[in-house]
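Have a look at the structure below before the remarks.
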Amino acid sequence: MQRIGVFVCWCGTNIAGTVDVVKVAQTLANEPGVVFSADYQYMCSQAGQDMIKEAVKKHKLTGLVICSCSPRMHEATFRKTAAAAGLNPYMVEIANIREQCSWVHKEMPIGTEKAIILGKAAVAKVNLNAPLTPGESPVTKRALVIGGGIAGIQTALDIADAGFPVDIVEKLPTIGGKMAQLDKTFPTLDCAACILTPKMVDAGQHEKIRIFSYSEVTDIGGFVGNFHVTIKKKARYVREDLCTGCGLCTEKCPQKKVPNEFNLGMDTRRAIYIPFAQAVPKIAAIDEDYCTMLKTGKCGVCAKVCTAGAIDYKQQDEYITVDYGAIVAATGYNPISMDKFDEFAYSQSKDVITSLEFERLTNAAGPTAGKLLRPSDGKHPHTIVFVQCVGSRCSGADKGKEYCSKICCMYTAKHAMLTRDKYPDTDVYVFYIDVRTPGKNFDEFYRRAVEEYGVHYIKGMVGKVTPDGDKLVVQASDLLAGKQMKIDADLVVLAAAIEPDKSARPLATLLTASMDTNDFFTEAHPKLRPVESPTAGVFLSGTCQGPKDIPETVSQAGAAASKVIGLLAKDKLMGNPCVAHSDEMMCNGCSSCEKVCPYGAITYADKEYRMPDRTTKVRRVAVVNEAVCQGCGCCTVACPSGAMDLKGFASAQIMAEVDAICK
Amino acid sequence: MAERNNMKEQILRTSGVNPLKCMRCGKCSATCPAYDEMEYHPHQFVYMVETGDIEPLLNSESFYKCLTCFACVDRCPRSVEPAKLVEAARLMVIREQGKNRLKPDDIPAQLDEDMPQQLLVSALRKYSK
Amino acid sequence: MKVSYFPGCTLKNKAKDLDTYARRCAEVLGITMEEIENWQCCGGVFSTAKDEIASKLSSVRALAYAAEKEQILVSVCSACHNVLKQTNHAMQNDADFALRVNNYCAPDMAYHGETQVMHYLELLRDVVGFDKIREKVVNPLTGKKIGAYYGCLLLRPGKTMQMDDVENPRIMEDFIRAIGAEPVVYAMRNECCGGYVTLEDKNLAAKTSAAVLDNAAAGGAELLVTACPLCRYNLVKNGGRDLPVVYFTELLAEALGVLDATQGVKEENNG
Amino acid sequence: MQVNEGFKPTIVAFCCNWCSYAGADLAGNNRLNYPAEVKIIRVPCSCRVNPMFILRAFQRGADGVIICGCHPGDCHYTSGNYYTRRRMSLLFSMLDYLGIERERTRLEWVSAAEGAKFAATMNDFVEQVTKLGENKRLEDLRCKQ
Amino acid sequence: MQTVTKEMLIAKAAELLDNGSVTRVFGWQKGEFDYDVTPALFHSAAEMEKDFVWNDFCGANFSKYLIKDKGEGKVLVFLKPCDTYSFNQLLTEHRFDREKVYAVGIPCDGMADIRLIKEEAGEGVTGVDTEGDELVVHTLYDGDIRLNRGDFLAERCKVCKSKKHVAYDELMGDDGEIADSARFDEVAKLEAMSADERFAFWQNELSRCIRCNACRDVCPACSCEKCVFGNPKSGVENKAASDSFEEKMFHIIRAFHVAGRCTDCGECSRVCPQHIPLHLLNRKFIKDIDTFYGEYQAGAEVGSRAPLVDYTEGDIEPSKAVERGGANA
């Protein structure tokens, strides 16, 4: 039998104004198990807490009921008080007689009666409380960053600088991501490569950072602090330990007709290649879809020219398993396909391009060596039309995305400005719905494009692009002039919406991390925990969480890193003790609980039991991983036998509360 | 005011369109093949219905120029379906007694020998009740 | 295979050859087109108004007729097809409309959009298969550069018609390839010819039709094909350019080698 | 319709900790009134509510039972409320099938920001149950004094 | 008329016992009369020759027995089509080791209901034989009475949902088809009643419950290691219903616990000594599940995700569910 102390708080007049606290304390004193009952003006004050501690000692209390404000307010406070008095902190229950009683009822008799019932329910529950101890688990002091773009690089660097080892897994042969493909960056117009490549080099040379390039995560087990991750290192047919990155092979390879994905297919590369000059690691890879040697067994030029002997046509995919304490998703984005927007004639004309393609066309390392030339005929375009919001802000799931892609207004202003700067003889039109430039120095930047560089911003949307001879007839609305206009353009640039990388969805499944309907990772709280996934130990960096520009990505990457550092700095993790547990003798092993668990916290084990008839039997029983369980209790209802119960919210406890309320 | 609201209600009910979905990008008007022939353009139909400014729409002949080609319907990023508002406004007028735009008697003068029957029935449907 | 066939007004008059070729080719391809008994004109245009009931009843009757026979309902004319498909869509998705129609039509037989509506082109693509047509071609139209003209009604509204990508369709191009010719893809192929407004405003129709023809010609088309009598009328009459426009079924008949067999009928019809 | 003036029903409200319980707190913060007949039991998630708890409440004399959880898609545990929705759909339909008044049970989605909705929902539910009067079809006579 | 004969089954069992494929056989054993059939475990062909029966009264479903079965080698089990659904469902729930079972599917032409026969033929029934479409009832007092077999089939067989076996190692005879069953008609009839009528109906039915637990004990889905109603820690333990509430509590919770897992084998109603139509509770859940979440047949395939451990974002809300459930207000 418990020895329960009841403490009724006045909360000044907040409670005492509508609840007769003395009567509540007196009435509850007669409840079963209650050996002490008192009221006080402010239970949460130091004096109030001291009163509780003294009563615990004097009356040898084993459980506490605090009738006060919401447990969401002071449950933690009173648990600490209990612990300070030598009680298990989970022997405390709160009766919420402020937010859910005195503040919502006006009359003293009614408020008092309800407060008594709420108090009785809490007493009934405490009678069945048991001391709970949070589980402990050790922390593997190594982090995994999935994705090697600017987000992943920054997160990895920050974690590594704090002294923890980090691995980056990147699916392409080099890190760098989308930023490596950009020309200049808004609003300062520094060259992307100039600010990115030093970071890439830092990451490549950092003693705490390992880069698994051309690799993918194929399996994730374990839980916060103790993840077990399988990484597939795809065969690149070049030995990483031997390749010096001299690039001779990439010049001699006879297969020249491979579309160069780094330049978005606007030029070609060889079958053996290094994606770009500043690649990290600077190691060649063979594209098995195009390599003549791998396909037919005849060629071998690269092996012949490689003085380091790094070419290995027999290389196989390699799987390695590494343990991590924390995982950061930094899988990034891609522009959406323009297939469903052919009113802009993207598939009909080479001179209709996306903004990312435009970046490559203006980049010195791009297919035109930085000269702005039309893909169709290599001529200099004199009239360029930029179309904003292509596929962004669309309702209905069949076409485009509902959200604003956030970066297009700024990069389009940048493209327009740079074009006018380099080629003043070019007319530049930007069709916009709204120009959205919240950000430091962003609107100023956009205004400069208009005022200093003479970019024609027209409010309205393009309705149709018609290729006609070597022109593109752009038919559009000019809403402010109230007319439909036609422009004979030489080049049309579409600001395609961005979407999460396709690898994010399967990764979320491996991580049991949640995603929204657009396949962006969901954060644990949109405002207060924006870089954490609801799944413990999983953090979010960059555009995999939502559209972001570079400054935002970098700051979020740092924030994710600081969360990871905070986790890895701990030697042990304390869990939430209110977790599910299974009574193995009653468990049927039917898997119902496992199926509803959103965290994958339930597994099954075959265990040997002595049966009542003295024989032994191997039975399949559910085992809850307390470090992973978050305590929702869904499994307890899925379980038909009642073997599964939830600590702190046990079925018997809840039913005792029901009984107390209904009596 | 009540009259205004009634007319708006009627148009919304007939068309089934929710003009509040419009984000005012003007793509409907950008794509409209009959734009230059219209006094009020597709995006204005949406906006004016939203604000209840229906009279001018009914007094204009703009809706007789709509080809019902559904380009605005398919290209609208917000699924507003402006053509349905145009249709609703046109019906509001031609459903009134004596307001038929095209009378069967008018037809013989328009005929030529290649004209398909389809053209006549469509025009009658669109211009008369 | 047997299908229900809704010819429509124009195919019984000014566009008899569209009808004749379609039937003849279907036979060659192993499809019997059973004309719906006592069909009534579809009205040419589908009213998007939710409170327009009466003008859609003739379509519902045709749809219900096909449902009773458990057959696909096929039409060749783009306009008929558009009206039938949109009406069917409304019967499936607008419960209030369906209720009122059913109450009005035949209380003992409720129709809720069970019939599958297909354009003849869809029949060729999805039932016959373009590969099979390619096998049956005896006179491939090799070397002919043909522009497909979709117009508006065949594809739009895309959500309802579900025929092809509205902005970048390929069903007619695939058809052109199947009969051995070379398709010319041009951007204006899914823009409106001017439709019925030609009756009221010849200038508008002239402008829209010319825009189509000019764009097709610039793309190198020697010949345009269409499925819609009104499109053909506008392009030929108002397009201001001497670019031949024929029904796609005529080319199909030619490729399948049944053009001569139908020629006599055609002349008789049009004579 | 019976008005049952003076009848004070017993209402048990199960509220999930993250949304609806916080919504109830917000109703308190904003001093929004609702009848004192409503007594809230805090559960971590609406999916913790076992049909047995509901029947138990009726057994012991409850006249109405309402379950409140996060809106679909907003569950703190990502999917708990979706399971709740299925369980309660079937349970409520079964109670109705047995002739138990369907107005005595309800599932509502109340977010932490919806204090006003919480109060309005409780007002409405209490009024609805008051109209029905005492629960006679699912009670345990031994539990009545 | 069953197409497979008792002799064929014994021969099959003997063959499998002889060649060592199995070491024991679950089969139907006759009691005082041939129609008093109880499930039994046989270890030899000789035992089977003596007591094994296969007739129109072999309704018992052996799937559940596999859970508790132990012993070396494989056990042979004869499964009628409807039994195979329970068999699969239990496999889905990992309740027995498939490797230790040799399942022989046997066709079933429906099982007769001795209760109906006795109501018609009166006391003193000493045996029932099947001759084509007729049952020949031997009685002490009235001699032989001939009855139309179809009229005296068990309710669940009259509305048989499937004559197709969904699991077996070996099939004897021909496999049937999944039937277009009218099994929800009774539920729909109840739903069409007023709430008061429904209440009166169930009050009348459930008040007869004597809490003998036969329904629970026979139910293949009710195979918990320990039932909540027998567990003092569950808070709902009760051994005997002493109040109308507890009958409802027991039957609602029991139906809920098997919802999505119940294959509608109908054993609960077959064994109820008080003739309570318990299957109407289970079928209500099945009907609702089919209506709300799409058709689902528990046990149709191994490993399928039961509706209550699954969801979609657009699921029906309970307020609408009560309306769609079909019951009148």
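A few remarks follow.
Order of writing sets the labels: A, B, C, D and E. Residues in every chain begin at 1.
As a working rule, contacts are C-beta pairs under 8 Å (C-beta built on N, C-alpha and C of every residue); 3 or more make two chains touch, one makes a residue touch a chain.
Because the structure is predicted, anything quoted here is derived from the model rather than measured.
Common neighbours of chain A and chain B, listed by label, are C. Of all chains in the assembly, those touching chain B and also chain C are A.
Central chain by Cα centroid: A, whose mean Cα position is closest to the mean of all protein Cα atoms. Taking A-E and D-E together, the chain pair joined by more C-beta contacts is D-E. For the pair chain A and chain C, the distance between mean C-alpha positions equals 49 Å. Each chain gets a centre from the mean of its Cα atoms; for chain B and chain E, those two points are 64 Å apart. Our note on geometry: chain C versus chain E, Cα centroid distance of 57 Å, whole angstroms. Chain A and chain D have centres, each the mean of its CA atoms, that are 35 Å apart. In chain B, 71 are the positions where the chain touches two or more neighbouring chains simultaneously. Across the assembly, chain D contributes 51-52, 56, 79, 83, 87 as residues in contact with two or more other chains.
Each of the following residues of chain A touches two or more other chains: 343, 464, 596, 638, 651, 655.
Inter-chain contacts occur between A-B, A-C, A-D, A-E, B-C, D-E.
Across the complex, chain C meets chain A through its residues 159, 165, 167-168, 185-188, 191, 214-215, 218. Chain A contributes residues 343, 389, 393-396, 399-400, 433, 459-464, 475-477, 479, 482, 484 to its touches with chain B in the complex.
Contact residues on chain D toward chain E in their complex (touch as defined above): 51-52, 55-56, 58-59, 72-73, 79, 82-83, 85-102, 105-107, 137-142. The part of chain A that touches chain E in the complex is made up of residues 585-592, 595-596, 604, 615, 617, 620, 638, 640-643, 651-652, 655. Across the complex, chain A is touched by residues 10, 12, 17, 21-22, 24-29, 31-34, 36, 39-45, 47-53, 56-57, 60-62, 76-80, 83, 87, 119, 143 of chain D.
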